[in-house]
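What follows is a set of structures for review.
You will see two complexes here that share chain A, one where it goes with chain B and one where it goes with chain C.
== the complex of A and B ==
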């Protein structure tokens, strides 16, 4: 029984971790390219969940096409934000683009509250059945979250490593000047990065929505935790974001069960403080330039 | 460096003139609504002035300030309710306690640089919020801390809103005077040198870590003071006052007014607070309008209102000097724009 409980928590941790990793990946990608901590990312996550919800309830879409629409719309919104807000601020002091991100954040949340109200919504996934796996009970939805996250991460990795357009992102993140020298267009790359990051947020939100609830401030905590993750993993580091996400997910679900569920949210921040106290540049920091 | 006499006179006169005007306000109006807005502006200005020291002058963006505001507020509240201590000792202990927590946080967090520090401090703020919220046996958690007694100094009771007004105004003026003193002192110059380049400051023999900790502790002390005054004024506390949103509010006030300017915090806080009150009637549209205003503001007024004003004046002054001297000194202008005398 004890062992089962433990493994159940491992699975829960992986589910949480998958969502965190996907959100953190977006933030770390944007940070790698633009050195911008995008505080509005969690709110793009929220928009993604709402879009999927409405696609399903109002237009009768099936779960998967609804997610696709939501991801596509968020890619566009992300690109729009880059073009309208963050690109013009690229040469301003860093603190200004952070404030702009806060402005975007306030705007999106207020807009969501105005348009859709502050109520909590349930998103019913067609995969509510529980299945038995190696003696563990797990709902299909949770399994889907874990698998879909892995598929997305592998897809992203292939895109970044194997395609020319993807490797321009890698190149810019590694060395900005070097990327310019070989003729990479910085504006196109940051546009693309914002699009991908927002799309990932929408995918993560739509996957996680059936096991959580959908409401206007649902992105705030996820956002903060994703920031914890990318600081842990080293800002701009992709493997760091993935690993950090899973570590945090596991730490949270295990500490929630064995220590105190009241302080579950605290776990993330305490881990961060402990690790940064010992290693001030994060676990997988890129070399200091 | 030659100082502009006019600029100096304006700066010197500003404090007494504004003090007189501020002191006269409760005599002119007894409207509680207006006085309440003034008091809140004063309280937040004190907190934002603290943030200005660490984020503006020292260049380390600390996002834990709402947390320290919360510590100051709760310390005062708890001391006055549960320990039944009088107001002044409670205020002193609250401020010292915030400074102590600040020094511990500072020693750990200031080893980090740039965005790492910013996000780390953001997390510290969240930890403080969560502790206040969950430690119910001490702070009453989300139920809130009720029944903080009316602040009293000796036989003087700050029961009316205008009495509170003067009490808080006193601390605001004190804060501004001390800040002015600090900014112009050698310590203030040390902070600026760290902002401009940590490596260079270190090469000059400045103990960078020590100065950063000093700036951080001072800034948290001001946040704690503001929090404690808030607790004494509102006399009811919920964990929400330590919310990260308030940190962003403070950052916003600072940026609107002008970061690393002495008067920026006051101007920014007053302007945004009044604007928000004005938008109150728009209810849920408030943030929908306010978000884009914020974005537009950082795009077109990147150094804030006072900052833009100071820059324009400096540029004019520089051009004048150029004409008088008619010698090319291309380095001068950049140097001044980069830091030097950013206090209007």
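== the complex of A and C ==
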């Protein structure tokens, strides 16, 4: 039983890690091209969860179409944020964008409270049945989270590496002026990146909502953890965000089982302290330019 | 083809360029000579739209391009190989080149042809095409930077100190290649500290000191000018 318990926790860790990685990837993409730590990212995640919830409960959508609508709307919201909030601050001192991000964060949470109240909602997934896999019991929903996250990450990777438009995001992260000089339009890349990052947050939230609850401040803790992950992985590093997400998920699930479930959320901050002490540049540090 | 009229540039309270008047005609290879910090790179950055002029006008093929965004300027036909190369170091050589042709991305056949042409111009890049640009030697990276700029099929190519940090033999090859690029119909503005080699391949030249153009003339005239000989040719 001991071994099974351990492997069960590994699976749980992968589930958590999948969600964290998707959120951290979005923050990393935005940071990579705009050097902007998007503090509002966890709140976009929250909006994504609410949208999926409402599409299902109010409009009777099935789970998957509801997620699609939520992702599409969040892509749009992300692009609007870039266009209306962050682009006008482009030539302002850097701190202004950061303050704006905090403002957006507070605004979204207040808006959610005002419109939908502070109650906790359940999102009922049609995939609650448990299945047995190699002697482990896992609900279908958890398996879906793990697989969907992998599919999304592979898709994102193919887009960034194999398409010219996707490459522009990496080009701008690797050398901003170099990107301008080959004729890449900074505004279009920023818009695209905000759209993708917000869409990923909505997908992650919609996948995770059935195993968590939906409420206005649900984004805050995810946000904090995602920032721990990108510090752990190395600011702006895409593999760092993915690996960091899984490391944190596993650390939480294992420490929650073997130490004390009360301390589950502590794992992130212990990791943060350790990484800042031992390797402040993160696991996949970008070379100094 | 390109004409700068009374262009001034400020960095905060520091005036980097004072009323620059500079002209490049179709098919010309023009050299811009000057010491470090004289303002060569600022002129280049201004032409490419990375820096906005405080006053003055930039005309390119009859259009006023002052204040245009960098991507619009590349589309109009001006590409730059910048100081410090500014390559995408973690990407392969071939991907750097493909992104160099970003403004022509819809025409896949054209991009393939341009790539072929770059590999003929710089055969060593074909051997290294799948390696990360950052893993190449300085000279090879410089070739990637020039090839990346050429992939945009510019009418005017801006080369900012392409010989910097290269071994003398490589420098000579580099200048041969630049002359060849110019002969095939691309106008070139070349910034250099290596006045001797640059004046050998250029048609005309300008001398810049402390943000001011102090002298201009044909290469022959500049080579024979007493002050140029003393300051830049070490004669």
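Observations
What we mean here is this: the second predicted complex is superposed on the first by the 289 of 289 C-alpha atoms of A that agree within 3 Å, B and C clash if a C-alpha of one lies under 4 Å from a C-alpha of the other, contacts with A are read in each partner's own complex, and residues count from 1 in each chain.
Here, a contact is a pair of C-beta atoms (placed from the backbone, for glycine too) under 8 Å apart; a residue touches a chain by one contact, two chains touch by 3 or more.
Since the model is a prediction, treat every value here as computed from it, not as a measurement.
Touch criterion not met for A:217: it reaches neither chain B nor chain C.
Set side by side, chain B and chain C differ in how many residues of chain A they touch, and the one touching more is B.
When the two structures are aligned on the shared chain, A:92 is found in touch with chain B, with no touch to chain C. When the two complexes are overlaid on their common chain A, residue A:180 makes contact with chain C while staying clear of chain B. Applying the stated contact rule after C-alpha superposition, one finds that A:170 touches chain C and leaves chain B untouched. Within chain A, no residue touches chain B in one complex and chain C in the other. In the complex of the two chains, the chain A residues touching chain C come out as 164, 167-168, 170-171, 174-175, 177-186, 287. Chain A contributes residues 31, 35, 37, 85, 88-89, 92-100, 102-111, 113-114, 224, 227-228, 230-231, 235, 262-263, 265-266, 269-270, 272-273, 276-277, 280-282 to its touches with chain B in the complex.
Those residues of chain B whose C-beta lies close enough to touch chain A in the complex are 55, 61, 108-109, 111-112, 115-116, 118-120, 122-124, 126-127, 130-131, 134, 244, 248, 251-252, 255, 259, 284-288, 290-295, 298-299, 302.
Interface residues of chain C, counted against chain A in their complex, comprise 48-50, 69-71, 74-75, 79-80, 82, 85-91, 95, 98-103, 105, 134, 148-149, 151-152.
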